[in-house]
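Before anything else, here is the set of structures, which you'll find just below.
Shared chain: chain A. Partners: chain B in the first complex, chain C in the second.
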Partner chain A sequence: MRTNSLLPRLLIGAYLVVFFGYLLGPLIVMSITAFNSPSFPKMTPWECLTFEWFDVLARDERILTGIENSLIVGVGTVILSVIMGLSGALMLTQIWPKLRATYYTIVIAPILIPGVVLGISTLVFWDRISIMLGMSTGGILHNGIFLTILGQSTFIASYCMLVFIARLQRFDTGLTEAALDLGATPVQAFRKILLPFMKPAIGSAAVLAFLASFENYNTTTFTFGKFPTLTIELAQKVRYGINPSISALAFIIIVLTIIGALIHEIYRRRQQLALANGAPVAAVSGGFQLPKIFRGNPAAIILVLLALGGASTIWFSQSYSPGVCKMDVREQKRLIQEERIKEIRAKRQLELQQKQLKSPDSSGDIKSDAPVTQSPGKGAFGNVFDPGNLDKAAPKSETEKPAESPGKGAFGDVFAPKNLDKATPKDD
Partner chain B sequence: MTKGVDVDLENVWIRFGDFVAVREANVNIKGGEFFSFLGPSGCGKTTILRSVSGFLEPSDGKVRIGGKDMAGIGPNKRPTALIFQNLALFPLMKVWENITFSMEVKGASKAERRKRADELLDMIALPDQGDKLPSELSGGQKQRVAIARALCAEPDVLLLDEPLSALDLKLRQHMRTELREIQQRVGITFIYITHDQGEALTMSDNVAVMRAGIIDQIGTGHSVYNDPATPFVASFVGENNVFRGKIKSIDGDMALVSTNRTGELLARIATSAQGKMNVGDSAMMFIRPEACNIAEDISPAANRFTARVKHEEFEGQIYNVFLEGAEGKEIKMSLVNVGKQRQSAEDNNLTLEYMPDQAVVLPAGELASE
Partner chain C sequence: MNIAQLFRDYFVKNGIGLGTFLLVAVLFWVVILIILPQLSMLDFSFRHHLPPPEMGGPKDTYTIEHYKYLVLGAPGADTSYNVVDLGVFGRTLLAAFFVTILDLILCYPLAYYLGQSKGGGFIRLLVLLLIIPYWINEILRAFAFRIIFGDSGLINEVMLTMGLISDPIDFIRANVALYAGLGYAYILLMIFPIYNVIESLDRNQIEAARDMGASWWRIHWRVVIPYAKPGISSGCTMVFMLSAGALAAPQILGGPSSLWFTQIIYQWFNTGGNWPRGAAFAVVLLVACIVIVLGMMRLFKVKIGDIGK
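This part shows the complex of A and B:
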């Protein structure tokens, strides 16, 4: 039995590893690169723990305005989508039953239409309207924020509506009738009965709308005008090459998401736990009871640890300076460099001596050996210090090229980018 | 407390498309009365209630409350309060907020509302429960909160839409007495909807029995039970044995019916049918199970009939004896348990007798479906 079940268990284990690796791997790699000092996001080789990319991020005007625009658009979209979604859902409950299916199809259609199409049509439509109204091109109807909010809301409102419909299906219309019967006006009945009932759904719809708006690219790309959102900025940045400040941003977003999810989970578990223990509903939905959280609630403990970790990270980042480490790395590299230079010099001297002292026949033998021992050092540094020498050496080392390149790539980049430009065509 | 006011339905018709839910309803409910609409589900009694509370406008006819025509007046402006079948307590509000909702929408202060809620909670014997949520209360408690909420609005008319149907039997019986008590204390008009004839008979001053949108009979519980106006009322209110046949002779308010299977039987002509029946008319005769008895003298007579016993049932305070009747139907006889072991008569013929004035003759008509 045991041997039989071992294989499937291993397979399941392997599958889980692959699955979670696939899901979380990129996020982890991205997060790690945010703390590595090389200026291109990479995890290996690990050089120095650094927080400079957060600084770079904080100083990047384009990213910051992008975030700002995203937040403005997000808030606008949330407000507009929640209102439209709620009215759409309420309409569905009021409409003549025979029309209900048709109406549902119509209002749900924006979800099925590609975002690109929505973006273009939003742009074109409001442009037409603007022209019809005789407004200037600088007017509100050409404003990027306005258009982006409208464009995103066209389909995000439908998402919100789905959330509201699900909640409304559990609403007892008798409650509204009871309120009316007790003398409430229809507005009072809506405000005091239906709206409180819809509150959880409004919350989830708002979160959903905000996230959908924040991450939207394909609709926004047509409508943003002079107000690029974060996704637009990121896409533009990637086109010109990136540095780890983007990883830093990713890390911040990941952490915020995890904290949000944990808070939600804690809240949910606490309610469940309390209800399961027969606590009155009023107590559960009431005030925040801190001590209770920690009893048998790992999520809470994790959150506290995370908060502590965050605080200590901030403190650490302020007191710790990666400068020392960077100096060390530089020093280390310089030492290696120097050693190699010495080696090369020594060899060159040796060669010279051999040329001078020994017979021309024997010098030929040595020469043929030389590229093999020299090549790693020479590839990387030879051109730095003695380009003239390289010219001679290069044709010889052509056969050695594969062996050379890693060394050259790594160090040539860092220490002599200009020389690299010259070296590359020659090596090729 | 407010004195109840009259509620009048004048020639009320309510239609939904081609479907007629209520047909020509004429009802006069006096102020301070406990009035019930009794009928099977789907007979239009809830529709009538909704037209009184204002959720429906009658297609035709008039609804008057306290003599005032209610046409065009919304539910929130009528002096009525409705207790819903599912109670419709606001789940997100505390009990006291539920009770005083009608004051809240009028802008009463919190202290004022709290005070009134405590008074009403005392009245419904739920003191100190005001800060709970409705979901934390038991069925009977919710019931009482719903009543308190409706009374808090100080209505002239309280409408109750089968409010006891969700409760278990014991609680239902208890709430019946309680409702009646509350009604007598506050003195307002109660209009009660039910399909349970027990509820209607025990609580009401007057009962309207409805069938498929038509009010068949309005009267006290006693008259509805003992002197039904139609075969439907006779068969719907309480249990009844029906005998089909033709009128053989009429003598004053008594008629001799020649039944299809059990011979000629004598019975009283129902008040509503008196003077309207002729010899030879097809008729239905009804005898209540408790009106039957085992005959001492088995010689044929106009108030005796013989049938074969199919099976018997012991129910505690009564024995039920089922006999073979016409058209495959059973005749039920209920005998009071007087403490003696009864000799089973299964598969034997048994002769029953009854008091002729406890049996009712009506023109043949529609019966209540089982």
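This part shows the complex of A and C:
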């Protein structure tokens, strides 16, 4: 077979590495920045291992309120979307066949409509309704949480419906009919037969709905009013000045996601094992059999390792203090700065000597200093450095840099003659 | 079968209580959450921009000034067309198209690989790894790309240290960060539809084609891709719609000189304070997306029922 020869296998391997590097790399980098001490999230240069950003995060009032609002909105959205999604899916099986295609297009459309449009239409619609009803702007129709739940449910219900449709396809309608024939009321048949059958789907639809609601931005950004959710707060923070406490939050979310995914994986694997052995699911998922889980179950092992890692991190964070390291870094930075200042001073001295050497024999040079302000980098200093008394490299970089961005970088600044006097007192 | 009969059957089958409940829930969703808001947005976009007390008053008449504004610009402007907004609009659609193609190229091989392998622990692990980034907040994903592509970001720092470049490259201004971030955000929506379809492809078909002496690209072109077409178009539709309607990634990763059309809508609703104009722009975005998607579906002969599978 094709995959048995070496080259294609190598290619596939390389492709997988690139693909998953793209997929997971950003998350890993972001997680690492949560533990680095610079106040702007950076991975390089590595300065100090620190946990202070988790502290900063835990003390951030706006983030905490955001989480609270997100939870309220999430619960509301889950309830509304699951009910509407389930009704929508049941309706699809019973609707007049001629209407079915139209109906399906309408209820699937919210997935395809841009979230921004959904948010705007929700906002505009309820605003109009409240004007029509003559309600004040403080009423429930202007309440951010109410609007956000409605706006999000519009499309999250479609997701839920897809989950329910997939499950309903395997439902044997004969069961309901039998129950009805035996004298059950429709409500009884629904509660005792259809609902238990749909239970796993309801569970996964609820999880899906909650996660979708929790991370929604496009719709919420128009409807949130006075109740910003966590995602809104994060967006504001990221857009206007960022610090690594956001990385810390991301790290927490990533760890929670991984744990959730692993638990799900373990659960599924046990179910599959049970089904393969012919045992009823309930019998296997009843007791927690520790040794059996570990056998041939890498997910469980990873989970335990993760827990151990977390515990040891917490222990480490209590015994380790980054203060010393930070002092070191500050000291180092100071040294580097001093070095730079010395360098600049030496350069300037040289330059002054040059000037003193030059100015006596050609007074025109002083005049030519004037246009420097108009075109820094190409004027006077080109002249000064021209004789070639200096090594070639230095003037080159000096003449190029200011031309691109005058006043940027340490040297560009200092060598602009205007700044000469300004810089001097600082150095001394 | 007439409609009255249909309703009678429906209520006999579900009972009065349950039947009413289902009907109310579905009607609430379809009419109050989906249809009426869209219509009211459409209606609103044809209104004048008025202060709240004057709404519904004599001045509240229909107008097409907002659509005119999008095409012709403000009255008395230098140019005869609204070059800025129309340019942004075109660029947004073009960029969304570009992101879609990028995702398709990136995802097709993996979807094929996952779909044709026989399963097992390694494949399950890969699927798990695919899903995890999707549950991380959209904002945080964009933020991660800013850490990587920023002025003092990872790539610039590494290249500076290695001496490959002397000045940091402005990835944000060049929109590299934006495209990478957008492509990243919707990768999963491209991969799973294709994967689901390819998984059901009979492996014997590929074997047969190979036995007949078809080269590998011919197998893909004549066997796999035609079979996977519903999945491919479904994935492309979703990625295109979502990237054209994206707001977070352009806000966080977009360069200072390049706007996304959604950002203009956002500005009319917030700092601009002209809701009807924002609504008009949103209608234009919605219509453009629908037209493009329907056109693509017609072109590739796929039905709307295939989407979401």
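Going forward, the second predicted complex is superposed on the first by the 305 of 428 C-alpha atoms of A that agree within 3 Å, B and C clash if a C-alpha of one lies under 4 Å from a C-alpha of the other, contacts with A are read in each partner's own complex, and residues count from 1 in each chain.
Going forward, a contact is a pair of C-beta atoms (placed from the backbone, for glycine too) under 8 Å apart; a residue touches a chain by one contact, two chains touch by 3 or more.
The structure displayed is predicted, hence computed values, not measured ones.
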Following the overlay on chain A, give me a clash-or-fit verdict for chain B and chain C. fit
Touching partner for A:174 - first (chain B), second (chain C), both, neither: first
Determine, under the contact definition given at the top, whether A:183 touches first (chain B), second (chain C), both, or neither. first
After lining up the shared chain so the two structures overlap, which partner does A:193 touch, if you call chain B first and chain C second: first, second, both or neither? first
When the two structures are overlaid on chain A, which partner does A:157 contact: first (chain B), second (chain C), both, or neither? second
Of the two partner chains, chain B (first) and chain C (second), which one does A:57 touch, if any: first, second, both, or neither? neither
Let me test your reading of the model: by the given contact rule, A:34 touches which partner, first (chain B), second (chain C), both or neither? neither
Partner chain(s) touched by A:113 [first = chain B, second = chain C, both, neither]: second
Chain C versus chain B, contacts on chain A by residue: C
Let me test your reading of the model: by the given contact rule, A:19 touches which partner, first (chain B), second (chain C), both or neither? second
Smallest separation in Å between any Cα of chain B and any Cα of chain C in the superposed model? 6
By the touch definition above, which chain A residues appear in both interfaces, chain B in one complex and chain C in the other? 185
Report the residues of chain C in contact with chain A in the complex, numbered from low to high. 3, 6, 10, 13-15, 17-19, 21-23, 25-26, 28-30, 33-38, 40-41, 44, 52, 55-56, 106, 109-110, 113, 121, 124-126, 128-133, 135-148, 152-154, 157-158, 161, 184, 187, 216, 237-238, 241-242, 244-248, 251-252, 262, 265-266, 269, 275, 278-279, 282, 285-286, 289, 293, 304-305, 307-308
Which residues of chain A touch chain B in their complex? 172, 174-175, 177-185, 188, 192-193, 196-197, 280-282
Touching chain A in the complex: which residues of chain B? 53-55, 74-77, 80-82, 84, 86, 88, 90-92, 94, 101-102, 104-106, 131-133, 135-136, 149-150, 153
So in the complex, which bits of chain A are touching chain C? 2, 12, 15-16, 19-20, 22-27, 29-30, 33, 40-45, 83-84, 87-88, 90-91, 94, 96, 101, 103-118, 120-125, 128, 131-132, 137, 150, 153-154, 157-158, 162, 185-187, 190, 211, 214-215, 217-218, 221-222, 230-231, 234-235, 238-239, 242, 246-247, 249-250, 253-254, 257-258, 260-261, 265, 298
